[in-house]
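You will see subunit A twice below: alongside subunit B first, and alongside subunit C after that.
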Partner chain A sequence: MSDRTLPRLLQTPAVVLLLIWMLVPLSMTLYFSFIRYVLNNLRRPEWTTPSLSNWRGFGNYEFVLKSKDFLFAIQNSLFIVCSILILTVILGVLIAVLVNRTFPGRGIVRVLLISPFFVMPAVNGVLWINMLLDPVLGLQGLAVNGLNDLAASLRDAPLIGWFFSLWPEFEPISFRATQTSAYAVIMMVTWQWTPFAVLIFMTSLQSEDQQQKEAAVLDGASTWAQFRFLTVPHLGRPIAIVVMIQAIFHLSLYAEIEIVSRGNGNKNLPYLIGEFANNNIGAASATGIFAVILANIVAIFLLRMIGKTLME
Partner chain B sequence: MAIVAQTSRFSKIAWPIAAWAVGLLFFFPIFWMVLTSFKTDADAVKPEFLFFFTPTLENYLNMTENYDYWRFAANSVICSVFATVFTLFVGIPSAYAMAFNPSRSTKDVLMWMLSTKMLPAAAVLYPMTFITKNFLGIFDTHFLIILVLSLINLPIVVWMLFTYFKEIPKDIIEAGKMDGVNTWGEIREILVPLAWGGIASTALLCFIFCWNEAYWTVRLTTTDAATLSKLIEGNRAPEGLFFGRLSAVSTAAVGPIIVLGWFCQKQLVQGLTFGAVK
Partner chain C sequence: MGRIVLENVTKSFGDVEVIPPLDLTIEDGEFAVFVGPSGCGKSTLLRLIAGLEDTSSGKILIDDADVTAVSPSKRGLAMVFQSYALYPHMTVRKNIAFPMRMAGVSDAEQEKRIAAAAKALNLTDYLDRKPGQLSGGQRQRVAIGRAIVRDPSAFLFDEPLSNLDAALRVGMRLEICEMHSRMETTMIYVTHDQVEAMTMADKIVVLQAGVIEQVGSPLDLYHKPRNVFVAGFIGSPRMNLFSGPEAAKHDAATIGIRPEHTEVSTTEGTWKGIVGVAEHLGSDTFIHVHDTGLADTVTVRIAGDIAVSHGDTVFLTPQAGQIHRFNADGLRID
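== the complex of A and B ==
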């Protein structure tokens, strides 16, 4: 045994564990996706046990592709992920620049800002959809009602009364409908992940070249020009990293969707798989394979993009 | 924001105000949850008690009655602690091998590990249920949840440890070899004490991720090994009749983690960006 064999062998447990974790369930998914396999079927009980004699070829894939939920789930997944990415990056950059200056209580503001990131996703969903966004009992409902009451009470006031009598009655928005619940999900995840972006951008801003900035000030560059031509380019790499890490986490977004969307038609790919898996395992598996393909496309793209910078 | 010249008096006042406003805005939902947890269920939905109310501890005192909180909390603690320990136990030797004895394939192995994180969990949901229920009989056990939590966090833990270990000069490790210390001794007596800070923050972050995990802990448990994620997810209470008690149980579920998080926010950056942002 050479001097370095044992040290190198030390990585095998991790590699083997991950390999099993990845390959065994995935190959079963692949197998199930090619057979007829349902959990309950009174007329065809033979379909309720996985067996090669129920071979269906690409039938499950066809079934999934033809179901109208599938296209919607993919579009919705991408819509939710992309919206979250755009919002967190923009908000993250702005807030990082804002908090990066020294001002009284900066440490406390930082602590306040980072807190949402540690809230567990299930609590995040329950908190937002009930206590904040509920159209009747939540803060949103209370705020809209309060505003309406205020306008109503001012209607009879002298001089300015006419102004408020022309005001519309505001309607609270229900975030439990198909499309609005996607907005609710975007809102709550953006709230949770913007702090993460802020933290990373702020760390990066601290390594910004101050001399270059001073030179720019001497040359009479406006604050906007400094931001646009010095800060934004400097943030290029951290932005790429924030996008990658968030893409990894949000493509498999589940708890928030589950809490906000049960039964109202809003779904992403993981949720659709969960729905299929209540009975039709073949279809669930085929959808799973599609999800793996989608994730791989994103992964290859992202790893290419920043893989090199990670390894430096 | 950027239109304001840097030295103007206006910006000296407006800047801190804006920063504080943003900070408070982001913290507000958490503040609101904590505040609501001290209201009775009836008061929680009344506009007249929005900010001024008689605080009560009732929701916290009845947490066991209403939700059986402590059983779920105990499961969360057990699963997260053991998963973190096990992940470090597997991760430290692995990161050691990669950082100090790299081979040509090390980079590829690291990249591959990261790519397993991208595998959508939902794709293997049914096989996991099938194997654990029909085949191994470990569905809804602590063992299963600990194993799964370890496996999903292993790639990130290895990556984090790898970036910490890389910073340690190789000579120090080599010096141990001269003194005739074997590989285990090298890890235990030289590497671990040297990289203690890095290992601790990795453990903390791993613990937080385990605690917050909400896919497998919900789908692979029913009662025995159900964690806090499952408890909250199962009580989403759309009717709003129980805002008070729901807030109390939510506060109890996230409070400790938020406080832990405050302590490791600096390490979070290095850990989650794999040292690429400094």
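== the complex of A and C ==
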């Protein structure tokens, strides 16, 4: 037995388990995506059991490609993911830099900052859409009404009345509508995931070399220049990590989309799969394969862009 | 120009007074070295001058202008840190250019000064590397380059060589000395190293617990230490200090004799003792002598070699006129 055989043998169970774990679902999805397979069809009952005799070739793929929501779902997936990434990274860096200073009550502030991350996605969705964003009963509705009432009451005031009489009446926005439901999802997920970014950036900021900062002060760098030339490059690696992890997570958003508008005006690939899976398992599987391809494209893109920072 | 004056400067961290009121003048073009035991406030003093710490009271003047409340970058000083404090994400070129970039110097001028600094410091081949790809000595040179291009009125060094190995340290020491004689800029240098202090300084400032014990040229301090502390601190190996009856014979509370000012004989002499450890360096031999009745050990330094070994009896004789005498307050008696 050569030196390598024993270690290989010992690794085998783990490798085999991983292969099964990945390969079985993937090959089943592939299989279903090439056959006609529906849960319920009175005219063609034979389609309700998966079998090779129902072979459809690329028919399911064609069907998905031609369905009206497919392109939109891909675009919308990317739109939601990119928006969340940009917002969480910017907010995360700003908050981390602010909280990294010493001030009274810092411990409590940090705990409070982290807490949104521990709210379940579905609960997060319900809280936001009903309590914060609802145009009548939510915080948004109350705030807009309050503002309108205030403007109305000031309209008759002397001296400044004319100013407020020129103000328009504000309309609350309905975030369940076709045009706005994606923004609602972006807001709630950003709220939930910014703490994650803050947490990672904060740890990194604490390892920043103070002597470098002092050298920069002597070199005449303003606070902004120190942030721009020292802190931001120092955060390069944690930003890469935050972007990678979040990109993977948010491509599969589901609960928030379901709760905000049931996919009205706001679908992504997982949601589309869910819709097809109500009956047409073949089409759902084909969409699943498209989702795998999209995830891989995004991953390759990210690795190209970010991998270099990570490997340095 | 770069004449630095501290007037009644104090510094406290919370309730702890690290620097009691202190006056010090460093003349333009002078090479001043701060020495003292660990924690005596050398770095704090340097940081006060640089402006990285605010004084608790007192004034700091640079070229007769009061800079106590002036921001660090406006004081026109450059500092080199023990940990180099290079910017790890920038190339050597960008590191050196950084202070000029912050000051809005034109690109052409930047290039010119970078090239000059790189040439002077032997860094031309490394300009496009990142600090992580350089050796310790090269990193230290980059840090010095970054200081030079600002054309400061004074350089501040905080133990710049203590992270380097012995050979490099000697080389860099010479380079800094040469740089000083070429540029004739004021330099303030903090070190633990006796040799660095003695060889580089125009003026040594000996500190203890934030108090200046003595200021003077290296040889001044060596030949005429003002008190027992300076006597024991300057010189390597340390001066032997005795109190008691032997000191009383010289009308002093304490007397000191340097190891190199003591003769050794195996047959006769003033003090008798037994050889403990003998360290043979080739050029010199350090002998630690016990049971002299004067102090725990008396260290003797003789040029060349001598055939003594552990347990031998030897006689020690102080050279005439080389005994330092101190009174009960620890001050020198002349």
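Going forward, the second predicted complex is superposed on the first by the 278 of 312 C-alpha atoms of A that agree within 3 Å, B and C clash if a C-alpha of one lies under 4 Å from a C-alpha of the other, contacts with A are read in each partner's own complex, and residues count from 1 in each chain.
Please note the rule applied: contacts are C-beta pairs under 8 Å (C-beta built on N, C-alpha and C of every residue); 3 or more make two chains touch, one makes a residue touch a chain.
Please read all numbers here as calculations on a predicted model, not as lab measurements.
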Overlay on subunit A: subunit C relative to subunit B, clash or fit: fit
First (subunit B), second (subunit C), both or neither touched by A:Ile248: first
Which partner reaches more residues of subunit A (counting touched residues only), subunit B or subunit C: B
Which superposed partner A:Leu230 touches (first subunit B, second subunit C, both, neither): second
Which of subunit B and subunit C A:Asp209 touches, first, second, both or neither: second
Partner chain(s) touched by A:Ile200 [first = subunit B, second = subunit C, both, neither]: first
First, second, both or neither for A:Leu17, with subunit B first and subunit C second: first
Which of subunit B and subunit C A:Leu52 touches, first, second, both or neither: neither
Subunit A as apex of subunit B and subunit C, Cα-centre angle in degrees (nearest 10): 80
Partner chain in contact with A:Val217 - subunit B first, subunit C second, else both or neither: both
Partner chain(s) touched by A:Leu26 [first = subunit B, second = subunit C, both, neither]: first
Shortest span in Å between Cα atoms of subunit B and of subunit C, once chain A is used as the common reference: 9
Doubly contacted residues of subunit A, that is, touched by subunit B and again by subunit C: 217, 222
Touching residues (chain side subunit C, partner subunit A) in the complex: 50-52, 72-73, 77-79, 81, 83, 85-90, 98-99, 102-103, 146, 150
Subunit A-facing residues of subunit B, complex: 1-6, 15-16, 18-20, 22-24, 26-27, 29-30, 32-33, 36, 45, 47, 50, 90-91, 93-94, 96-98, 100-101, 103, 107, 109-111, 113-131, 151, 154-155, 158, 183, 208, 211-212, 214-215, 218-219, 228-230, 232-233, 235-238, 240, 243, 246-247, 250, 253-254, 257-258, 260-262, 265, 268-269, 272-274, 276-278
In the complex, subunit A residues that touch subunit C: 209, 211-212, 214-222, 225, 229-230, 233-234, 236
Interface residues, subunit A side, partner subunit B - complex: 4, 6-11, 13-15, 17-18, 21-22, 24-26, 28-29, 32, 94-95, 97-99, 101, 103-106, 108-123, 125-132, 134, 136-139, 142, 145-146, 176, 191, 194-196, 199-200, 203-204, 207, 217, 222-224, 226-227, 237-238, 241, 245, 248, 251-252, 254-255, 258-259, 262, 269-271, 273-274, 277, 281, 284-285, 288-289, 291-292, 294-296, 298-299, 303, 306-307, 309-312
